[in-house]
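Each structure below is given as structure tokens.
Two complexes come next, and they have one chain in common, chain A, joined by chain B in the first and chain C in the second.
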Partner chain A sequence: MDRNFENLSQIELDALRELGSIGAGNAATALSTMLSKRIDITVPEIGIFKVEEVPDKIGGPEVVRVGIYFTITGDTFGSMLLMLEKDEGLRLVKMMLGPGFKINSELDLISKSALEEIANILVGSYLSAFSQFAKMRLMQSTPAFAYDMCGSIIDMICIELAQKTTHILMVKTDFVETDDKISANLFFLPEPNALIKLIESLGVNKYESGTD
Partner chain B sequence: MGARILIADDAIFMRMMIKDILTKNGYEIVGEAGTGTEAVLKFQQLKPDLVTMDIVMPEMGGIEAVKSIIKIDPSANILMCSAMGQKALVIEAIQAGAKDFVVKPFQPSRVLEAVARILQEKKDKDNG
Partner chain C sequence: MKAELIKVKMADVQIGNSPAVLITYGLGSCVGLTIWDSKLKWGGMAHIMLPTSKGFSKNENFAKFADSSIEYLVNELIKMGSNKRNLEAKVFGGASMFSFESKSDILNIGDRNIDATFNSLDEFGISVVNRDVGGNFGRTISLYLETGVVEVHSIKNGNKIF
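And then the complex of A and B:
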């Protein structure tokens, strides 16, 4: 049988969700160390959506957000995307750079660079936990920054994916910093071809026959 | 007979992994829980020798569950197994009464060492 997104078993989906959870937990630890603040994460949501449904799932096609995204290559491939509101992003930058640093109310070069660095560290620690758990070698690209409508951000990421598939698997985790009310969404969007390899690598099937 | 262990983790896959590691090494898995609430209930019913506890779970999180379990039995043995390795959270879990903390992703040996050490400490306490 041709394996694709639509015929993943419950346990396979569960394993992918756990992968997201482990990645996000480690990413939260890195962010927490960097900011000296406690960062909470939500239980990851996993879903399979048609490519055209994705902007809705990410907040609505016309909602404007900061998006920082990465291409993942190596033993599995896909994209990682960090999205957050501009004002929350600026508060995060302020937190990182310290109270002595004057922050513009708009996204200037320094704020963009700081947000890219935050995303870099989040995605880096997510992927390093991911690669340890899935025993895979993974590489991340340099960050690409966008301040645009969700629909446009997603289009940029999905153009390549959409040529290969009609459906997208999305693992979403929210990071929350309570004191300054900052929350950010992190998305992992694997390419369909990479998915089967990923599931094999996790060794899901060795458990499937032995369940009670 | 091996020690009786309860596994609390919202991911079935992770429960199976932990179960696999522990049963292969002679431990008996007496129950599994997918939420903190379920973990507390099953702890009361099954009175396991040790509980492995995730932190981020639906309904009730792992740290809350540790607090509830310690209220029921102050000598309960709980091993945290979570990807949330932040210092503040580790300290909070230990203060709540957890005996050790393993950060995911883990090597099987790390889980086995922690389980063995906690159970040995319990044995020493019981004997003396």
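And then the complex of A and C:
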């Protein structure tokens, strides 16, 4: 039976937001260590939308972004997607590779793999904090890179979810580096069954709907 | 005077009259379908996510699926006074945005969406006059209802006319 995300109680949403904070905090620390820069994070935003509303919710379908995508498997499953502007991505690459490295103004192979690596570290540390706290085994896929319109980057994730659910839950966190004005959005989109497991693992499995 | 711009969202179907322009942004694995009446200068656009409505609840948004969106579009245009023979379809999108090492069904969803769209159009006896499908890039499509021209915009190729 497809449990509807709309039935989540406030306490369950708070628990998920807290879990998101723990993951994001760990990810920010890892990124900060790697770049020797201060990285701030926003309080995770949790939203429940119709699947077809997702392109609007991530910034608009026609906006052009770099997107780095991971599938998550193991005890819970879903997708994680890091999105940022191309120029901010290039500044991030420069920060990572050092001032001596000449960066192309376009995304070449080196920039792409540097960004994939940054995303890999962010998502990896997000998930490791997550899995320790929720006592779950989680694995991430290799990163998949796209530079295109947001709608086209996100639609495969939407399609995947649309086969199982009408509504999705999305956890969004922003990572901000102030000096170079870099801001990246990290989106976590668990699948419906995964979400139930997640909530059960947190010990707050009280649905208000009473459908159970 | 600027022609009216009618936006078609993901899992959405819209119909318009000349000189309006129907537009949908950022198709990846989704399929953008246009059906245009060459005689009466009106038509519709669908932004399709999945191949078939079979196995889904009746309450689902019909515009998510190739079969039910096409059925709706064709029926509506005929209700308005279109003759099937004058309806011209064009099909766009169905890309594979990411390349993965492991393969699964979902990764071929673009191809499956394209196949389902062609099959369904064939069932309804609507001829496909042009297409720009597959690849690994996103597309924004605009249907100019006055001329039936579809402009495809992509980061990769700029603007192209179909």
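The rule is short, and it goes like this: the second predicted complex is superposed on the first by the 201 of 212 C-alpha atoms of A that agree within 3 Å, B and C clash if a C-alpha of one lies under 4 Å from a C-alpha of the other, contacts with A are read in each partner's own complex, and residues count from 1 in each chain.
In the analysis below, a contact is a pair of C-beta atoms (placed from the backbone, for glycine too) under 8 Å apart; a residue touches a chain by one contact, two chains touch by 3 or more.
Given the structure is predicted, the values throughout are model-derived calculations rather than measurements.
Student: When the two structures are laid over each other on chain A, do chain B and chain C clash or fit?
Tutor: fit
Student: Is A:42 contacted by the first partner chain B, the second partner chain C, both or neither?
Tutor: first
Student: Considering only the touch criterion stated at the top, classify A:61 as touching first (chain B), second (chain C), both, or neither.
Tutor: Second partner only.
Student: What is the C-alpha-centre angle with chain A at the apex and chain B, chain C at the ends, nearest 10 degrees?
Tutor: Approximately 150 degrees at the chain A centre.
Student: Looking at the overlay, what does A:146 touch: chain B (first), chain C (second), both, or neither?
Tutor: A:146: touches chain C, not chain B.
Student: Which holds for A:166: it touches chain B only (first), chain C only (second), both, or neither?
Tutor: second
Student: Kindly classify A:32 by the partners it touches after superposition: chain B alone (first), chain C alone (second), both, or neither?
Tutor: first
Student: In the overlaid three-chain picture, find the nearest pair of C-alpha atoms across chain B and chain C and give that distance in Å.
Tutor: 32
Student: Kindly list the residues of chain A that each of chain B and chain C touches, one partner per complex.
Tutor: Comparing the two interfaces on chain A, one with chain B and one with chain C, no residues are shared.
Student: Touching chain A in the complex: which residues of chain C?
Tutor: Residues in contact with chain A: 9-12, 25-30, 49-50, 60-61, 64, 95, 97-102, 106-107, 109, 137-140, 155.
Student: What residues of chain B sit close enough to touch chain A in their complex?
Tutor: Residue list for chain B touching chain A: 10-14, 16-17, 20, 55-58, 82-89, 103-105.
Student: Quick check on the complex: what are the chain A residues that touch chain C?
Tutor: Within the complex, chain A touches chain C at residues 51-52, 54-56, 60-62, 64, 69, 141-142, 144-156, 158-160, 162-163, 166.
Student: Considering only the defined contacts, which chain A positions touch chain B in the complex?
Tutor: Result: residues 10-11, 14-15, 17-18, 21-26, 28-29, 32-33, 38-39, 41-43, 129, 132-133, 202, 204, 207, 210-211 of chain A touch chain B.
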